[in-house]
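By letter and in written order, the chains are A, B, C, D, E, F and G; residue numbering begins at 1 in each of them.
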Amino acid sequence: MRKTFILHLVLCIGISYGLVNLLSFNFSGLEILALLIGVFLILWLSCFLYFRLYFHALKGVLSLGLYFLKELIISNFRVIYFILSPRNKFRPAILKLPLSLTSDFSITLLANLITLTPGTITLEISDDNKYLYFHTIDVPEQDLDKAKQRIKNGFEKRIMKIKA
Amino acid sequence: MLLFSVFLLFRGHNLPGGGFIGGLMAGAAFILDAFAHNVAHSLKLLRFEPVKIMATGLLLAVISGFLGLILGDGFFKGYWLDIEIPLIPKLGSPFLFDIGVYALVLGMVLKMVLPNLEND
Amino acid sequence: MILSILSVFILAFLVPLLQKLTGNKLAFLLSLAPLTIFIALLHYYLSGTNFPISESWEWNSYFNLELAVYLDGLSLLFGLLISGIGFLIYIYAGFYMKDVKYNGRFFMILTLFMGAMLGLVLADNWLSILVFWELTSITSFLLIGHNNETESARYAAWQGLLVTALGGLALLAGLVLTGIVTDEYTISNLSQHHELLTQHTLYIPILLCVAVGAFTKSAQFPFHFWLPNAMAAPTPVSAYLHSATMVKAGIYFFARFSPILGGTVEWQILLSFIGGITMVIGAVMAFKSDNIKKLLAYSTISALGIMTMAFGIGTETAVFAGTVYIIAHALYKSTLFMMAGILDKQTGTKKISEFPSMLYKKLPLAFGVVCLAALSFAGIAPFFGFVAKELLLEMVLHSPMLSAVYVAIMLIISVFFVAILFVLTHKAFTKGRLDNKVKSINKLIYIAPAITALTGLIFGLFPDVLSNLTSLASSNIFSGFETKHLALWHGFNNAFNLSLLSIMLGTGLYFISLKVNWKLNLRFLKPFQPSKIYDYLFDGLIVFGQWQTRRIQTGYLRNYAMVTLSVILILTGFTFFYKAGIRINTESLDIYIFELILGLIVLLALGFTLFTSSNISALLSLSVVGIAISIIFMEAGAPDLAITFFLIDALTITIFVLILHKLPKKMLRKKNFDRFRDGFIAVGTGLLVTLILFSLTYNPLNSKLKEFYAENSYSAAKGKNMVNVILVDFRVLDTLGEICVLAIAALGVFALVNYTKNKKID
Amino acid sequence: MGYEKIIILLPLIIPLLTAIISLFFKKNKIVNNYISIVGSSLLLLATTVFLFPLIVENEILTTQAGGWEAPFGITIVVDMFSAMMLVIASFVGLMVNIYALENIKYKKKEYSFFVFFQFLIMAVNGAFLAGDIFNLYVWFEVMLIASFVLLVLGNGKKQLIATVKYTLLSFIASAFLLVGVGMIYGISGSLNMADVAVYFQGNPNEPLMTVAAVLFMLPFAIKAALFPLYFWLPDSYHTPEISVTALFSGLLTKVGIYAMIRCFTLIFIHDVNYTHTILMVAAGFTMLSGVFGALSKVNMRRILSFHIVSQVGYMVLGLALYTPLAIAGAIFYIIQHILAKTNLFLITGVVEKIKGTSDLKGVSGLYHRFPIFSIFFLVVALSLAGLPPLSGFWAKFILIKAGFQQEVYLMIFIVLITGLLTLFSMMKIWVNAFWGKQQKEPERNLIKNEKNLFKEHWSLLMPIILMASVTLLIGLFSMPLMKYATIAAEQLMNPAQYIEAVLGDVN
Amino acid sequence: MITEITILILVFLGVLLMFIASLGLFKMPDLYTRMSAVTKAVTFKVGLIVLSASIYFNSFPVVLKSILIIFLLLLTTPVSSHLLGKEAHERKAPLWKKTIIDELKNKKKEK
Amino acid sequence: MEFLLSILVGLLFAAGVYLLLHRDFVKLVIGIVIIGNATALFIFVAGRIVRENAPFIQEDGLPPENFADPVPQALILTALVIGFGIQAFALILFKKVYDIPKVEKIDDLKK
Amino acid sequence: MSYFEISLWGALLALVVALFITLIRFMYGPTFMDRVVTFDLMTANLIGIITLYAIVSDDELLLDIALVLAMIGFFSITAFAYYIKKRINK
């Protein structure tokens, strides 16, 4: 742990030197390259330290990211609609989502993504990592399972893909 | 965040930032870590005793002042190296001072906050 | 001569060492010092030296302080008395104090005291006089309090010190004033400024200051009360204090200042009036006293009154009479006190009524010596007291003004003195309790009192011996004094008649008082007695102190803060409206709407912080305030400030939050009255600050610093961010201090948290 | 010329380095103890042997931090007044440091006692050296935070309560001081004292200057413990370890006075009639109120604390009279007061060690078994009470003389009365604690008799003896001190000299 | 010209959304709905504005900073709102009366 | 702008003073913080306000036109940091004071 | 001023007004948790304001402030959440 930390620190310093130069002075192509390497290093390092995300899963990451973006925008407008509509037509609920994911990291990721998406918030993850409780602002047609399924098929599936 | 703090430190002389802000950011990073894990964890991460960090910071600051004295130009006279190393801001005694401030503030934040987190 | 005074002091500090070497013989060894001085002075006198002799050594020119010695007739007289009687006192004390605890300390302080007294009478510089003056106060304090395990000794010593110190302060004021009027600090030169001084508007203050100083020292009304209490001192000390030293210092002062400040109506009235009152009070109280030391003490007061009056009257005769009386008094009073000590030792009591009856048979020697002194005391021929008394009666009879009053007072005094003579001889040595044994004592202790008593007799028989000395002294008091001759017999003049009358009346008074239980009911006067007033003052000051301290130092932090803030508000506000006034720069009125809204946000969040009932919400809204302010900073061209503001705010609040959950959740509200009052102070402060800022920003600011930094921060200091360049280069010292604060705060917080970590604070 | 700059800075550098080194060796018992002593001794050496003669020779020395010329960089100025203060502060610092060796528990040392101590000294020196109002403010703050920590170190209940009060009131002072600094900048566009002084004298019609003066006066008054703003002092000085109290009593309020004298002889002299009259009124009330407070107390520490207040009044009176003589008197008073008051607290500490309390009801008869020790008390106490020829007298004498010259008779009356009442309460201590019956000693008594005191507790006794000797010497040979005080006062009364030393020839 | 218009559109969109979010604070009936409806949406809205900034300045550092800001928001908001939501539920913050079901509460009851 | 800020500073001072006189420790500390902020703003206003530019030297090595005075900014920075140190200390101190038995409000601190 | 600047100022104003509205909601409460939520929104709002202001005043440096604020906002929220957690555990 210590070693990695020191490594991290040294790299951070190195990279930030680069950043400084880039941010303060005119930059040439070579330096952009240096920067890209720097960013790459940071990401890699951070992932290594905190997410244990591996690079070969980049494709999965991309797909997850795009999906997330889509969800973000859609649910955003959904929420705006709820806000602007004169009466509160939505039906919130706190739901229990059985998890197929097993690793700590992926569960955390899922929880975060759920929270990030407007309209839903993760409230708790059960101690045995089998269930995730979340609050949703609207259960379409009051169908609880459908709401759960939406997440299972959306985020969870894509996260599982990365793992694979 | 640590990274950003160092970044702030370096550019301080030309742009907003500087040792104090940088040190605070670094400290904040460790506190967040302490929130997330526990105090022991972040202390382990830090590796040095906060007091020693503080002392070093003060020492650096004073040394930067001494440069001027030793060279006969008065306390805290600013000296700058002529060489410009890429990726590094211009080296000089005020910069050394700033690093001192950075270290001190980092140590300070930790010394101040961690004991409060610790005992419950 | 300076050296001789200094050597006395040095000797004093050698006492502990000497004590180790000599043991019980210490006193006799030390007595050589006054003896030497006595002989030296006598030698000066007899060898026909031309007086005055003066010597001086500069001590501190900034204060015009010199260690100047001026030996003229007056100081010679006093010097001889101090050293001569001092010698005898040492001899006496050598026997008296033999077995007393801590006698080493005693002799050390006694020696210091003697040195100070000598210094006082020999000094010629205003300030050095004051130095010695206070030195006598403090050493006599220690001497009086020698038996400090008893309450009364402590009380007496403290009282004596406070009263004489009061006098010292008055003297100090007088000194400074004289210095300002004349710019002369040498006493012997001051008489040249007599006219300047007596016609100056500051004359009365100067006179009062000097007089009060001397009054306290020589126990004049209304400061006389400390002296009787001072008999708590060991007897040798009393004998010395009362006869030749301490109390005579005041008299010496009047003598010294007669040619400087005297000769005016004010001088005469003040001194003779106070002297007269003191005389009568002293005499009456002495007569009423049963305690022999107390009796003697009151008689001293009375005698001092006489001397004061004499120098107050200030005629040629009066001065001469006063001078002579000083010697007479010194001789008989020292004898009587020493004898009182012996009687105390031998009978075990100080109360005359408790002395064994027919004491004269058991202690014939004592009786003889007391008689010799007491007769002199009462002014009976052929003792020296008689010579003095004749001169005093002469003085009052020839006083230029108020002669009748003086005569009456003098008569009363003489009557009482005669009556006291009987108390001391008849009552003490014949009456008393039956069959009481007396302790035996080393007879050598009688040497000292016998010598003084006999000297009194010898001077009485051959008064002319002293003519030269007293005339010399008087000539220093009264300018143009012509040498007078002392004689025992002046013929049947008015003075002698008065003297006879007083003897008769006094005898009558004594015997009547024996028969009649003669109680004057003066109880209604008690509360007005000066000693009572002293006690009231003493207690009153403490009570007042307690009252004011309770009022000011309430212990309530909120009161402190309130007073502090109110003072700031009132003083600053007053200054602002009185000196500056309101002005507003209209150009500063251009405000963007969004600034206005930011302002409103601050206002609302602030109000919320102020009035919310939840602490944590208050904190949260405080962060809002902080963020809004930093946006303002940002907008006004201070990005560094904005960032720092965020960070500090966040960090403070984090720390706050970290501890908040450990604090009780209960939220206290202000009481209604407090709200109103605090609101008033708060609004006042806010308003004032706003107005000050309006006024401050009325004119544009031309800061040369700004321009300099703009020019130099990149070219010379190699930095583009001027603020940072200022912090780490231009004003780096501030930053150094700043990081010190942080370091200390961090270590302090650490110590606070961890020092009593697992302990309850109690 | 170069080495002079170094010497001027030594009073800052030595304590700072000492503090840093002891930070590194916090846990090491020996280093912890002695590094601080070494530092303090070096400081004393530096100020007395190197700095002071330099000032005697050159009158006013300046240096610019960072080498930036005067109004732009921070100026460090040493004139006679500050040199004297530096010398006395370092002397007192060393004395208290020696005393603290035994007086302070090891645990407190482990919690960086000496670090705070050295920082405090550094800040005090910084304040004496500052030639820049904001820099002065900074040193004030360093001093404050160090004093907070020293006050509370150990977390006693009383200490905590005292520190809360002290902290809040000091905070108010600092806040308004900062407002004052802001005003000065807003008016003159400068922070350098000399530069500001030039501006103020050049623009006498600026109406806000007096307001700024008052805004400066009040915080200084709080820090100097002037009536009616002295609450914090008597409520806090009896709580911490005696070394801390002694150090505070010697230095803290004096820094307030120093700053006040500096500012009100250099900068705010445009409206002397107004500002100095306020000061005089405050001085009068302070003297009386403080001494009456002392009368009401029966605890040595509390009595002494109230006397600080009262005697601060004398010093401010000297400033308020505003003549060279009066200011010389004030300076003389400050110096002798620092020595005497610190020493009295140190003596009180020994009394506490013998008897376990400094309450007069529980102490009596010390003179019997500790005669020499008692005499030290007596000498110092009488000096404080202003008995000639001890040092306190000369100070009082000068003030009275200056007062008569200015014809402020009421003030002189107050001075005299205060002097008497001071003697009163000093003797109250003497009569009650040193005289009287000997009592049984408490079980925990650590000092059995005087021999024991001299042999085994030399680190407690040595500072007392040294300081008492200096007090005595100042009294008997007042010439040198008076000479320097006069020089200092003349420099202060002649701001042009200061301004020229800092800014060069302005006109 | 086109950049300016793009910027304006982005900015207005962001501001509009932000404004609506503020309104939503009043509209939403309980804490959870407020949280999910409003607060979480900020990433998107701020993102829009920040994006416009990077277009406006058109320099690499700004782009980098923008990315950093967005990245930070992405990283931090879920953590904090997760914490908040959890605590809120444990403190039994009231649910809107029309909430269908609270399965978390049921779970706790089971215990 | 100066006008508005002057009023704001006054408001801050008023609020701070009001809280300093409070019986509750927490409010007292908040008062300290507010006064600290108020003094910072005071200096800022006293140094006059320039809305236009931050005091940075531009690429060409010259200061921008009409830039803000850096001096008050530097002063405020120092003062703020110092204030932070003192505030932090005061905070912990007050917390410790609560540990004293029977101390719950400021008025309990008598003696 | 160009239409561009005017409209940006307008947007800025709108954001500030939004901030103001949020503040009112903040004050309304009623629980502390609600306030934290609104505080979160305010922080975001301020980031927006700063960014916009950076555009308006053509000063890219101001984005740094936004960056710091983004971090610090998170920091504060965490601290407050910590508080809530501790309070519950009590």
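A few notes on this one:
In the analysis below, a residue touches a chain if its C-beta (ideal position, glycine included) is under 8 Å from a C-beta of that chain, and two chains touch if they have at least 3 such contacts.
Model, not experiment: these values are computed from the prediction.
Chains touching both chain C and chain G: B, F. Chain centre most remote from that of chain B: C (centre = mean of CA atoms). In this assembly, the chain whose C-alpha centre lies farthest from chain A is C.
Averaging Cα coordinates per chain places chain E and chain F 31 Å apart. With centres taken as mean Cα positions, chain E sits 14 Å from chain A. The mean-CA centres of chain B and chain F are about 24 angstrom from one another, to the nearest whole unit. Look at where the CA atoms of chain F average out and do the same for chain G: the two points lie 21 Å apart. Chain G has residues 17, 19, 36, 61, 64-65, 67-68, 71-72, 75, 78-79, 82, 86 in contact with two or more other chains. The multi-chain contact residues of chain C, meaning those touching 2 or more other chains, are 555, 557, 561, 565, 635, 639-640, 643-644, 647-648, 650-651, 654-655, 658-660, 662, 689, 696-697, 701, 703, 705-706, 709, 719-721, 723, 727, 729-738, 740-750, 752-754, 761-762. Shown for chain D are the residues in touch with two or more other chains, namely 16, 23, 65-66, 76, 134, 138, 141, 145, 148-149, 152, 155, 157, 160, 164-165, 168, 172, 179, 183, 185-186, 191. Per the touch definition, chain F reaches chain D in the complex via residues 20, 28, 32, 35-36, 38-39, 42-43, 45-48, 71-72, 75, 78-79, 82, 85-86, 89-90, 93-94, 96-97, 100, 103, 109, 111. For chain C in complex with chain D, the residues that touch the partner chain are 59-63, 65, 102, 105, 127, 130-131, 134-135, 137-138, 141, 145, 148-149, 154, 157-158, 161-162, 165-166, 168-170, 172-173, 176-177, 179-180, 541-542, 544-550, 552-553, 555, 557, 560-561, 563-565, 567-568, 571-572, 575-576, 579-581, 689, 692, 695-697, 701-706, 708-709, 712, 729-734, 736-738, 740-741, 743-745, 747-748, 750-752, 754-756, 761-762.
Interface residues of chain G, counted against chain B in their complex, comprise 61, 64-65, 67-68, 71-72, 75, 78-79, 82, 86.
Note for the complex: chain G touches chain E at residues 4, 7-8, 11, 14-15, 17-19, 21-22, 25, 31, 33-34, 36-38, 40-41, 44-45, 47-48, 51-52, 54-55, 60, 63-64, 66-67, 70-71, 73-74, 77-78, 81, 84-85, 88. Across the complex, chain F is touched by residues 554-558, 561-562, 565, 584-585, 588-592, 595-596, 599, 602-603, 606-607, 609-610, 615, 618-619, 622, 625-626, 629, 632-633, 635-641, 644-645, 648, 651-652, 655-656, 659-660, 662-664, 666-668, 670, 674, 678-679, 681-683, 685-691, 693-694, 696-697, 700-701, 703, 705-706, 709-710, 713-715, 719-723, 726-727, 730-731, 734-735, 737-738, 741-742, 744-746, 748-749, 752-753, 760-762 of chain C.
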